[in-house]
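Listed below are the structures to be examined.
In the two complexes below, subunit A is the common chain; its partner is subunit B in one and subunit C in the other.
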Partner chain A sequence: MNWINKLQTIDRRIIYILLLVVCAIPLVKPLGVPLQVTDMTRDVYDIIEGLEPEKDVVLLSFDYAPGAGLDAHIVPVAVVEHLAQRGIKWVSVSFNPEGPMMADLIIKDLESRGFKYGIDFANLGYLAGQETAIRLFALDCLTITTDTRGNKTTDLPVMQGIKTAKDFAFVHQFTSDDPAMWIRQAVDPMGLRYAVGIVTVSVPSAMPYYNSGQIKGLLGGLKAAAEYETLLGKPGRAVAMMDAQSMAHLLIIGFIFLGNLGYFLGKKQGK
Partner chain B sequence: MRKEVPMLITFVVAIIVMLSSITTGPLPDVFKNHISPWMTIVSAFAVGLASVNLTRVHGQKISRKRDGWVYSLILLGSMFFYGIFRSYIEINPSNMAAAENYALCYNHILSPLSSGIWACLAFYVASSSYRAFRARSMEATILLVSAVVVMLGAAPIGAQIWSKFPAVQRWLMNVPNMTGQRGIIIGAAIGSFVTALRVLLGIERGHLGGTQ
Partner chain C sequence: MMSISMNIWHWTAAICILAMWTFLFKENPIFRIAEHVFVGGTAGHAIGMAVGNIYRYGWNPLVHNQQLLLFVPIILGVLLYSRFIPKIAWLSRWPVAFLVGVGTGQSIYTSLRTQVINQSLGAMVPLSGDTVGVTINALIGIVGLLAVLSYFLFSIPQSGALEKFSRAGRWIMMVTFGVSFGNVVSGRISVLLGELTRILGDWLGML
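Right after this comes the complex of A and B.
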């Protein structure tokens, strides 16, 4: 086998090892590649900046499972950090059975920093039924009678004055799935101010809703989380991971180039 | 009667749901107070039914020691362990230690395993991109160039290489991607509406368990 053929048949184990190395180095020593903040991210930031801490309550819908990975989880971490910085109260609900556990991961961190469960935030847990459950909850938020800790929903200070989804100043869904369910069942019929945090691969399918104005802000995975951290002035894990992503993308493009170089040289040689 | 009654229920419920969105009379309340909670109960019941089926199928596999029966055992063991554990927490909500331990199992077993599987995809994507993206034809070349531009535009390093990469990436996402996505969304919506209409009128009867 000559070197031209070798360019087209690089052992996948070499690709795996190199990918691991180029991802690991920036995580240990971040490169600090400057990040541009997109309008989709800034829109969410501006909405939260415009909320009133004493008055407004935000609804967060955690509709993803650990299988969606850090790409899904890092977005609500950044958004909740912003809400915490501004002192905005929030309530979480889930239409995915594993969603409440994901919300609890964030809540645990907030509690360790002195924020109070029930006053600053609450986790209402999971409501079965997906699309129909979204509709039911939007029309009657008190349909969930107890939160994940067994407290009566009506007794929670953060839930005072909340009856329907319209009573929330802003609704933010975090999902690894399609945002269309929320849009169909609650956002359009009730005229909610709604944004979505979604895994990167699902961004193209959510774009039409953003451009039509049905989604007021769109946070697409790790990149959006990194942009959000930049806006908050607190570069954290997501920013460091974007360096790793940059390196990984460059490596993959490099391999694609080598594969095509081998292909064309081989074709030329064949003639 | 076995078909007529479910069809009648489907028709009546569908009409109420449809009219509840466009009328202001008593129907929105009927939907909110009755139909919507019923749907939630049915969905929850479906999870219970699925658990029974899962137990039946995997129980047989374990009792007959078919290939991979150990995995079935782990599956059923995990399901019952979590089911019983969660039920205990629901019955004793004040027991915070139990809730903590429940979260511990979840956060330290399921979360890392699920995230690990997701992370492994990066390696497969890298390897398959290298093998699949060959400029063999005009279409393949367009796909290849688009993919490279989107990758560079999405990563911060792209703007450092050429400042126009993010703008080109945005154009690709906002114009060709949007056109395709809108077509898919509108097509799927029309398809869903037609299917719903067929179910409503009793033309589509697959959900009743019989033939058309």
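Right after this comes the complex of A and C.
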């Protein structure tokens, strides 16, 4: 087997090991690859910057499971950090059974920093029924009678004055799926100001809604989280990971190039 | 500098991740065990949540608040399981009919409004923008939309100018598929980075 054939038959395990090494090195020693902030990310940032801490409450819909990995979870971490920095109150709800658990991970961190459950934020938990449940909740938020800690929803200070989704100043969904259900059942019919944080894989499915103005801001996975951290002036985990992401992409581009080179040279040799 | 975690959950997560990664070498019993633990854990959590929901939204309001109307959805829900008893399996058609009716009724109008009317309105942009870039973007958007739509014109023979135009539509779709694939690769790398952070950061304390 000559070297041209070898280019097309590289053992996949070599690629995996190289990928792990290329990802691990920048994580341990960040390279500081520059990052451009896109309009989609800046729009979410600007909306939150425009909210008033004394009166505005934000609704966060946690619609992803741990299986979606860090790509899904790192976006709400960045957005909630912004809300916390600005002192804006928020309420979370989930239409995915594992969603409340993911919200609790963020809440645990906030509580350790002195923020108060029930006053600064609350977790209303999971409402079964997916699209139907979104519609029901949007029209009557008090349909969820107790939060995940057993408190009456009507007794929570953060829920005072909230009856429908329209009463929230801003709605932000975090999902590993398509945002269409929220848009169909609540955003378009009720004219909500809505943005979505979505895993990188699903970004193309959400782009048409952003371009048409149905979504006011779009945060796509790790890259958007890194951009958000940059806007917050608090570069954290996501920014460091983008170095590793860039290196991994370079490696993959390199292998695609080598594979194609092998293919075309092999074809030429065959002639 | 390494400082291995003493937290049992960091160890559990790291062992599960490494067990899953053994599949990259080849199929093996360690991977199988980790896979079954994951599937079992997820299924168990889903069942727990389902039971909790029935209790929270069905049983509790029915028993403690005497919301007797809840008998209707509870009975319909129970009827879904009649399909496991052949003699009364036909009863499951009632809740299925109800679910299909509600689902269809709820989504027909909203889908039309959200995914057809509002998306079409979003595509109707002024051709001349404030800057050259905006104008070019608008032109690409309009021409691209028409070209892709022309690819799906099956009632007119694809020949001559239409054939060339629809071919352009095919190219645009191929670019879109490329973007989607690029996002898939990027998303998978992000997931890998998340797991690497757990191993290098939470477990080994290297980050």
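Just so it is clear, the second predicted complex is superposed on the first by the 271 of 271 C-alpha atoms of A that agree within 3 Å, B and C clash if a C-alpha of one lies under 4 Å from a C-alpha of the other, contacts with A are read in each partner's own complex, and residues count from 1 in each chain.
We take it that a residue touches a chain if its C-beta (ideal position, glycine included) is under 8 Å from a C-beta of that chain, and two chains touch if they have at least 3 such contacts.
Just so it is clear, the model here is predicted, and its values are computed rather than measured.
S.K.: Could you look at A:A128 and tell me whether it touches subunit B, subunit C, both or neither (first, second, both, neither)?
M.R.: After superposing on A, A:A128 lies in contact with both subunit B and subunit C.
S.K.: One more residue to check, A:Q214. First (subunit B), second (subunit C), both or neither?
M.R.: After superposing on A, A:Q214 lies in contact with subunit C but is clear of subunit B.
S.K.: Just to be sure I read the superposition right, which of the two partners does A:M190 touch: subunit B = first, subunit C = second, or both, or neither?
M.R.: Touch partners of A:M190: none, neither subunit B nor subunit C.
S.K.: Classify the contacts of A:L232 with the two partner chains as first (subunit B alone), second (subunit C alone), both, or neither.
M.R.: Neither partner.
S.K.: After lining up the shared chain so the two structures overlap, which partner does A:N260 touch, if you call subunit B first and subunit C second: first, second, both or neither?
M.R.: A:N260 sits against subunit B, while subunit C stays out of touch.
S.K.: When the two structures are overlaid on chain A, which partner does A:Q245 contact: first (subunit B), second (subunit C), both, or neither?
M.R.: Both partners, subunit B and subunit C.
S.K.: Is A:Q36 touching anything from subunit B or subunit C once the two structures are fitted on A? First, second, both or neither.
M.R.: It touches subunit B, and subunit C stays clear.
S.K.: If you stack the two complexes on chain A, which partner ends up touching A:G69: first (subunit B), second (subunit C), both, or neither?
M.R.: After superposition on chain A, A:G69 lies in contact with both partners, subunit B and subunit C.
S.K.: Touching A:L136, do we find subunit B (first), subunit C (second), both, or neither?
M.R.: first
S.K.: Please report the subunit A residues shared by its interface with subunit B and its interface with subunit C.
M.R.: 12, 16, 19-20, 23, 65, 67-71, 128, 132, 135, 146, 180, 189, 200, 203-204, 208, 211, 223, 245, 248-249, 252
S.K.: Okay, in this complex, where on subunit C does subunit A touch?
M.R.: Where subunit C meets subunit A, its residues are 24-25, 42, 45-46, 49-50, 53, 56-57, 61, 102-103, 106-107, 110-111, 113-115, 118-119, 121-123, 141, 176, 179-180, 183-197, 200-201, 206-207.
S.K.: Where on subunit A does subunit C make contact in their complex?
M.R.: Residues 12-13, 16, 19-20, 23-24, 27-28, 65, 67-71, 73-74, 97-98, 126, 128, 131-132, 135, 145-146, 180, 183-185, 187-189, 199-204, 208-209, 211-214, 220-223, 237, 240-241, 244-245, 248-249, 252 of subunit A touch subunit C in their complex.
S.K.: Taking the touch rule as given, give the residues of subunit B at its contact with subunit A in the complex, in rising order.
M.R.: Answer in residue numbers: 21, 31-32, 36-37, 39-40, 42-44, 47, 93-94, 99, 103, 106-107, 110-111, 113-115, 117-119, 122-123, 125-127, 129-131, 133-136, 144, 148, 151-152, 154-160, 166, 170, 173-174, 177-178, 181-182, 184-185.
S.K.: Given the complex with subunit B, which residues does subunit A contribute to the contact?
M.R.: 10, 12, 15-16, 19-20, 23, 33-36, 38, 65-71, 101, 104-105, 127-130, 132-133, 135-136, 139-140, 143, 146, 149-150, 180, 189, 200, 203-205, 207-208, 211, 223, 242-243, 245-253, 255-256, 258-260, 263-264
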